[in-house]
Every structure is written in C-alpha cells, then in structure tokens.
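Lettered A, B, C and D in written order, each chain numbered from 1.
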Amino acid sequence: MNDSFKIAGEELSSRLFLGTGRFANPYIQNEAIAASGTEVLTFAIRRVNLEHPEEDAILQHLEGKTFRYLPNTSGASNAEEAIRIARLVRATGLSNWIKVEICANERTLLPDPVETLKATEQLVKEGFVVLPYTSDDPILCKRLEEAGAAAVMPGASPIGTGLGILNPYNLSIIIEEASVPIIIDAGLGSAKDVTEAMELGADGILLNTAVARAKDPVKMAAAMKFAIEAGRLSYLAGRIEKKRYATASSTTMGYFTSSFQ
Amino acid sequence: MNDSFKIAGEELSSRLFLGTGRFANPYIQNEAIAASGTEVLTFAIRRVNLEHPEEDAILQHLEGKTFRYLPNTSGASNAEEAIRIARLVRATGLSNWIKVEICANERTLLPDPVETLKATEQLVKEGFVVLPYTSDDPILCKRLEEAGAAAVMPGASPIGTGLGILNPYNLSIIIEEASVPIIIDAGLGSAKDVTEAMELGADGILLNTAVARAKDPVKMAAAMKFAIEAGRLSYLAGRIEKKRYATASSTTMGYFTSSFQ
Amino acid sequence: MNDSFKIAGEELSSRLFLGTGRFANPYIQNEAIAASGTEVLTFAIRRVNLEHPEEDAILQHLEGKTFRYLPNTSGASNAEEAIRIARLVRATGLSNWIKVEICANERTLLPDPVETLKATEQLVKEGFVVLPYTSDDPILCKRLEEAGAAAVMPGASPIGTGLGILNPYNLSIIIEEASVPIIIDAGLGSAKDVTEAMELGADGILLNTAVARAKDPVKMAAAMKFAIEAGRLSYLAGRIEKKRYATASSTTMGYFTSSFQ
Amino acid sequence: MNDSFKIAGEELSSRLFLGTGRFANPYIQNEAIAASGTEVLTFAIRRVNLEHPEEDAILQHLEGKTFRYLPNTSGASNAEEAIRIARLVRATGLSNWIKVEICANERTLLPDPVETLKATEQLVKEGFVVLPYTSDDPILCKRLEEAGAAAVMPGASPIGTGLGILNPYNLSIIIEEASVPIIIDAGLGSAKDVTEAMELGADGILLNTAVARAKDPVKMAAAMKFAIEAGRLSYLAGRIEKKRYATASSTTMGYFTSSFQ
C-alpha cells in the first residue's frame, strides 16, 4: 500500500521522525535509525559541527543514506534565539527545514506558545519550512497553521516523560481542524502510545527518548515501526464503534442446544 | 526473531487467535484470516457442520492451510452444556482443544466464574486441552490454571463492545502470577488495544468482532498483525519509565548560545 | 433530605462504612469515626477481645454510641476458616452480621471467588446477615446476591493500594443488575474516588486505609463524609450528558456586538 | 474551619463560582445559587441590561444578597472586542472584575491564547481585576499570571461538554507553578469532577452548564457545594500514596487462626 504524505511538497513514506539525542553511542543510534525505517532525523543544532558537518559524529555515520534533516532550536528560550539558530543552520546549507522548539521552563520543557508563534511567523516569512513544537492547545495549533507552519507538532506529554498521550481528545480536535500534517511530538513512551496517536488520525509521530533510552533501543525502534503501521492501518480500516452492551460474535445456538438435551 | 510460544506443547508462531463469526461473507473472512497471519481459528460449534466438516462453508475454504482449530462452547449457560459441546466436538475428530465459554447473562455475555471453573476441571480430567474464557479476576485466573487450563483467556471488556482494556492493572497482575500462557480475549476494539495488551506482557490475544465488523476487515486484520508485533517487541525491548518531569533529549546549549550573543 | 437505605431490614442513614484498622491510636480513630458520621464499623475479629468485648480497646472507646458492628473474616484463606470465624463471633453476641473476606494471595489480598461464594451460601443458611467482599466480576456479584447476601461489596482496587476505581464500567454494570445494596469496598484512596463511587449509583462505600493512613485522618474522615453527600446528590440530581462539542452557556451576542462597532 | 482565600485582596469563603446562563427560569436559578453557597456570580454582559441594571431579570432577583459580580466577555472573538466589553461594563459601575473569555472557534468555544493574553495585558494596565479563561497550557497560564491576572482560569474541557478533567496532569503542573489562585473553569460535569479539581489543589472552580442543565439543578448545586468541601478537605488532609500491591488493613491473624484448628 502506498500511503505516503507530503510536508512542504516533499513526499515521505515513513511517518516516524526520529531524534538523535540520548543514544548510548553512535553505533546503537544508527542501528535504531535503520530499524525504525525513519526518513526524517531531528537533532539539536549544538550537537552538530556546523562548520564541518561532514566531520560530525552523527552525520558521518549516516553517509550513503538519504535523510531529510529537521534541525531543532532546542535550547532557545524565546523567538529571537530560535530565529538566530534557524538562520545559522540554513547558512551552513544543512537544511531549510526547522523545528521551532522554544522552552522557558526547565522543569517541564513545555513550549512557550507566544514565542513559538512569533518565531514561526518570522521564519515562514524568511522562507523556512517551519514545523513548530507546541502544546496540545487546539486554537494555538490552528494559529500556527495560519502562520504558515508546514506541519504542526503538538506534544503528547512533556519531553522525555514517557507519559504518553495525556489528552487524546485535544489531539483529535487538532487533527480534525487541521489542513496541514499533524505530527505528534514528545512524551510518547511505548508502542501503544504510538499506535494510539496514529489511530487518532495523526499524520506522523516524533520519537527520541522512548527509543534511545529503552533497554534495547534497536528492538524498540522496530516496535515503533510496527506501531506506526498498526495505528495507521487501524485508522484507515475504520474501527468498530464502542458499545455499552455485548453482542455475541455468533447468534444463539438454536437447534444445536436442543439436540443435546 | 523467533518468538514462538507453546500451548499444551504445540508451538505457535502467531500470537493472534481469530474468531470466524460475524464476517460479511466467507471470502472476506478468508482474506482477513490470511492478512492476520493467525494460526488459530476459533468458532462456535453450531457454525460448523459437525457430521461433515469437510462440507462446512468455513472449513472448506481453508483447505490447503494448516490451522489449529479452537472450537468454543458459546451458547452454553452452564458447565454441563459446555461439557456436552466439548465431547461432541471431539467425537467428530475436529479438535481436542476447547475454549470454554459459559455465559448466563444475555446482555453482557460475561463469563460465569463458577461454571467455567467447574467445566474446566471436568474437561481437563477428560483429556481436553482447555482454554477457558474468564473475567479479569486474578484469583479466578489462577484457579483455572491450577485446574489444568492450558492457557487462560481473561476478557478485556464484554464481547463485541470494543471498549478495549477496561482494567490494565488486573491484566498485568494476572500475567505476573501466571505459569501458563495468558491470551487476552473479548472487547479489544482496535490496534491500540492489541498493542496495549501485548505490552502488558500477554502471550497472545483473541479477536473477532473488531476485525469482522471493521469497515475494512482485511485492512484491520493487517493492522492487528502489526499491532501484535509492535506490542510484543515493545514489551521485550523494555520501555522507559514514566516520569513526572521532563528530561531534555539533549543537554543545554552551552557554548552555542553564547556564540549567538 | 431523608436518604436512608436498608440492609437486611435495618435502616442506615450514613452510607459510609468505616474499618477500624491501621489508625495511629484509638483517640485519632474515634475522632475520625465521629467526623465520618459512620454508623457501621468493621474490624477483623482478631482485633477484638472476643471473650470480654467490654474490655476491648476499640469497643470500649465507642461506648455511649450505637454502632452497627460488621466484623470481617480477614485472615481466612478459605470458606471453612471464614465460617469458623463467623460462628465464633456470633457466639459472643457481638453481631450476626458478617463481612466475608477470604484472601488466598498475600501480595494482592484479592478475594477468592469460589470460596467466598461457598462461605456466603453456608452462612446465609445459618442465619447470618452476610456481606461478602468480592472482586468486581459482575456475574459473581449476581451469584452472591442469589446466594442470599444482604449486600454485595465489590472492590474498587486491591486493599490498601489507594488506586481508586480501576473499572468503573464493571461497577456500573454490577449496580444496574443488583437487587440488593452494593457497597464499594477496598482501594478507594481519596474523596474523589468516593464521589465517583456514589455517582455510579453505589448504595454505600467502605473505607479504612484511606482514612486511617491519611496525613490527617480526622480531616480526611470529614472529607469522605462530604464526598458521600456530593456523589449521592449528584447521582440523584441527574448529571448532564457528555458531549464532544461545546455549547455556549449563553447564546451569541447579537445586538450587543453590533453596538460596539 | 476558616478556609477562605483571596483574589485581588478580596476574601472569599466559597470556592464555587457560578455562571447564570442556561437555567430554565430565574426562580430555579436563584434556588440553585442559594444551594451552591456561591459568592461569585459570572454572566455574559449581553444578558444584563447595562443601562438599568436594577431592572435586570437576574440582578433584581438577587437583591438583599451581596455577591461579587464577575462579568465575562463571552461573545468576543478577539482582544479588541473583549476590551470594549470590559470598559463598557465598568462604565456602568457594575464591577471592575472581568473574566476575559475570547473564543474564535464556534464548535469548541476554546479560548484563543494570543488574544486572551493581549486582552489581559491591556485590561490589567487599565486597572481591571482580570481573570482570564484559558486552555490548560501551563506556560500560557504562567504568562497570564505574569501579565497581572488576579487569578487564572484554565478549562477542564470545552465549555458545556461535561467531559470533566481531560488532563489532570496539566492542571496539577499549573497549580504547582502558580503564585495566583487557579480556578478550574469549563467542562466540569458532575460532583466527581469538582472533587477531583479541588484534590488537585485548585483554589476554586467555576460551574454553569453542569448545574443549570442537570435534571434537578438545585440538588446538583447542593452536590457541588459538598464536592468542593470534600475535595478541598481531601487535599488538605493529605491522601495516602498509591501502591501497586496490597497492604492488609490489619496484620495477619497469628494466634487466632491456630486457635481454630
């Protein structure tokens, strides 16, 4: 089944975006990347040698494969800082895609809605392909779309917590209202969370800690690949409605029971 | 990865058991069976022509493939009826495996704990391979195991409701305490539910309505196959712990931000 | 509002049953008993001096107040033991009410369904007023009612865990099907849990650890009293239906906005 | 117990704010107001005759009682409209408290984060006591506090849905981080929801539809009053921790069982 989707005109076959932070070592990371089937890699700019990306520990291990890079602005605490990072990255020729990630609270790392919107507006004007990380506030997500975001990335729960989808209702409203792809980002902890996100109708999901810090990251990456398929197919297949009372899978026995008596 | 498991000494590669009721027609059913990858088919006895199983609409379409048949006693409202059905089935040579399913309440179709235990005890004595469908009562599940059940099949929610896993805590306790395979049965409605069941550590799951009555049963069967893989691998990979507060996927920016100022 | 109910013909105004175990000292216990407004006290038999109940540390502090005593058989691991305890208690003249509590698993203290049913049947025959503690298995609860239980006491979650209501669906089905009072027992951890139980339509609830081990047991007892009232009134008042989409509390502004322009 | 709290220096004994929309008639409304014990009434400006408030159907029925009025700006779809409404209200001398409520989406009536922040900033500058209705985005709530909001009012779920608290985690984070009172607003449907909100540590809650459209609004108002008390006391009393495994309310039987044998 061809079930690709597009962001900013670019066709993507895999619906899994993978972050490259927190892996034990580059070898495991690359095995996990392969097992996940991802086509989009995200990373904090500071982790890449911007002057000589060809020497970067992450990027050099990926040679020979074609990935879409989605650098993020994590570490930025306001729009101005995020915009600077984005410009700097583009100047290196690495990517004109940017994940806007602006956190002012160190404990929760939750995104700042006002600064995120401001940065998105500006970067869109400057020709970037902008994918903002945001809270699951449906109106804010719509505002980001209206500001020109190529896709919107609401969080399931705070980064790195593994708490899964705290508010499936909000995500389903966001998806219903959206005209651009919705990528569920942050907080997904296991394959169940990913399957749930895809069943809600998300276009994709972004993972990092759940894979990188699993006991077996490569196996978990494979699990997540299956989870994407499972949730996506389940969404497309059209699940049964929930009912309060039972329906037998088969009708009552009729002639058969009587033949016993 | 070889990840098979055994019930009564028989090795099974697929962890999905599929019921054959409620499909729109035999063609769709067989496509769904193929897409699901199942090796174990369950059905109500009344739906099979016991005298001439080779002429049965279901069974004849399956020719050429080797399935483990798991006939069930649905329609039975007490132990005596269930035992009679089991004996009758075995007499035809179809199978000595039997899913004990005894429901006294027509509205909920929930299993009767006392009669289920009674039937299990008797059928085990008679040499059957017994897989009882039961509530998610952890003590009852243990009692069924002690009575000789080859696997125990606690329900996620009432048959056909699609309500999913109402009590994941109880299922996890059942799985912790069990020495025989635990197959989650009844009420699973979507791929998410299946992934969740497998992540809890279940050995397998049984589906019927969720596949048969999905808008696209064949696609849903494929979704469920992936969901099994996703949940199983996620369980084996060892998920991250849940935390209340965030952890950045990467450390704070350090030198990089200062170079901006 | 007179909102009493009856168990075995005895009218009760308070819907809160309180266990007397685990309090820091008898003084706090008695303050908590007073704050809770309870009329029914439950306790393990071993904690009462059966030969000289007038000298018992608990009972002597309660003098001057009229409580219905509901001794329980906790510690019993099968029907036979529970029946012995019940007979012994009745012989002292303390009470002919008995809470059947039979646990075979030390880790979960979950009730044994088969032994609980057996003990209930026998004790009813012997003229006891029997209130069995049971799992939330709806069919088992019905069986206990049919065996003559004066009220049925399904658990919300395992004793002492404070996990609250793990399966509100099952409890609501039990309540729907019941012809005797349903008292939600075990696992309730906070006022919210109690309010929820009463909103589901329970006739009453039983608490012990949630009060006795709260930081301030007397204040928590008062909280629970309010929670009972809140949940009961909410149930009787008839809550609004849940809806997916919003309805404004007031209609759109009409003339008013235009007067602004 | 004196458990009052302050907003903008004004002491409030009741933690329940009540909206005056959607009641069947003024008589029932006033009975419900009395039963709820509320001291703060909120209403859409359009529902009050601003020129002659003494003739207004709602306000004239309340004579002789002292309520704090909290007019809201519902109907406003941006900051400018909300600011106009606020100024108009203050000009009548009715109140200088204002609940900022700005919704751009008719289906969900969810608040607009950017416009809400903008209106709050401006109205604070103009000397209003501002209580903004907002989403449960923790960073946005903090921004509103920093903008000078006297209290912040995150929604539990969309207005009028009765869906209850969709994301208790977010609300608890908001409460943890706040230095001004947090009033949970919108979507609460029953006494359980209110008890839960207060147990999370909220300073108060706002209700309208849940009371006005209950089958018996006066009884539901009384339920809500108890629910506030229950949840508040439970929060103050300090609940037990949740545990995975059971603890017996009393220790094992020891000498007692042996005396049976």
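Please note the rule applied: contacts are C-beta pairs under 8 Å (C-beta built on N, C-alpha and C of every residue); 3 or more make two chains touch, one makes a residue touch a chain.
Just so it is clear, the model here is predicted, and its values are computed rather than measured.
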Comparison of B-C and C-D by number of C-beta pairs in contact, larger one = C-D
Query = Taking each chain's centre as the mean of its CA atoms, how far is subunit B from subunit D in angstrom?
reply = 45
Separation of subunit B from subunit C, taking each centre as the mean of its C-alpha atoms, in whole Å = 34
Remark   = Taking each chain's centre as the mean of its CA atoms, subunit C sits from subunit D at a distance in Å of 31
Request  = Mark out which residues of subunit C touch at least two other chains, giving numbers and ranges.
outcome  = 108, 110, 163
Task = Report the topology of the inter-chain touch graph, choosing from line, ring, star, complete and other.
result = ring
Residues of subunit A that touch subunit D when the two form their complex = 104-105, 108, 110-114, 117, 135, 137-140, 142-143, 157, 163, 166-167, 169-170, 173, 177
Query = Taking the complex as given, what residues does subunit C use to touch subunit D?
reply = 19, 21-22, 43-47, 74-76, 81, 84-85, 88, 107-110, 158-164, 189-192, 194-196, 199, 208-210, 212-217, 219-220, 222-224, 226-227, 229-234, 236-250, 252-257, 260
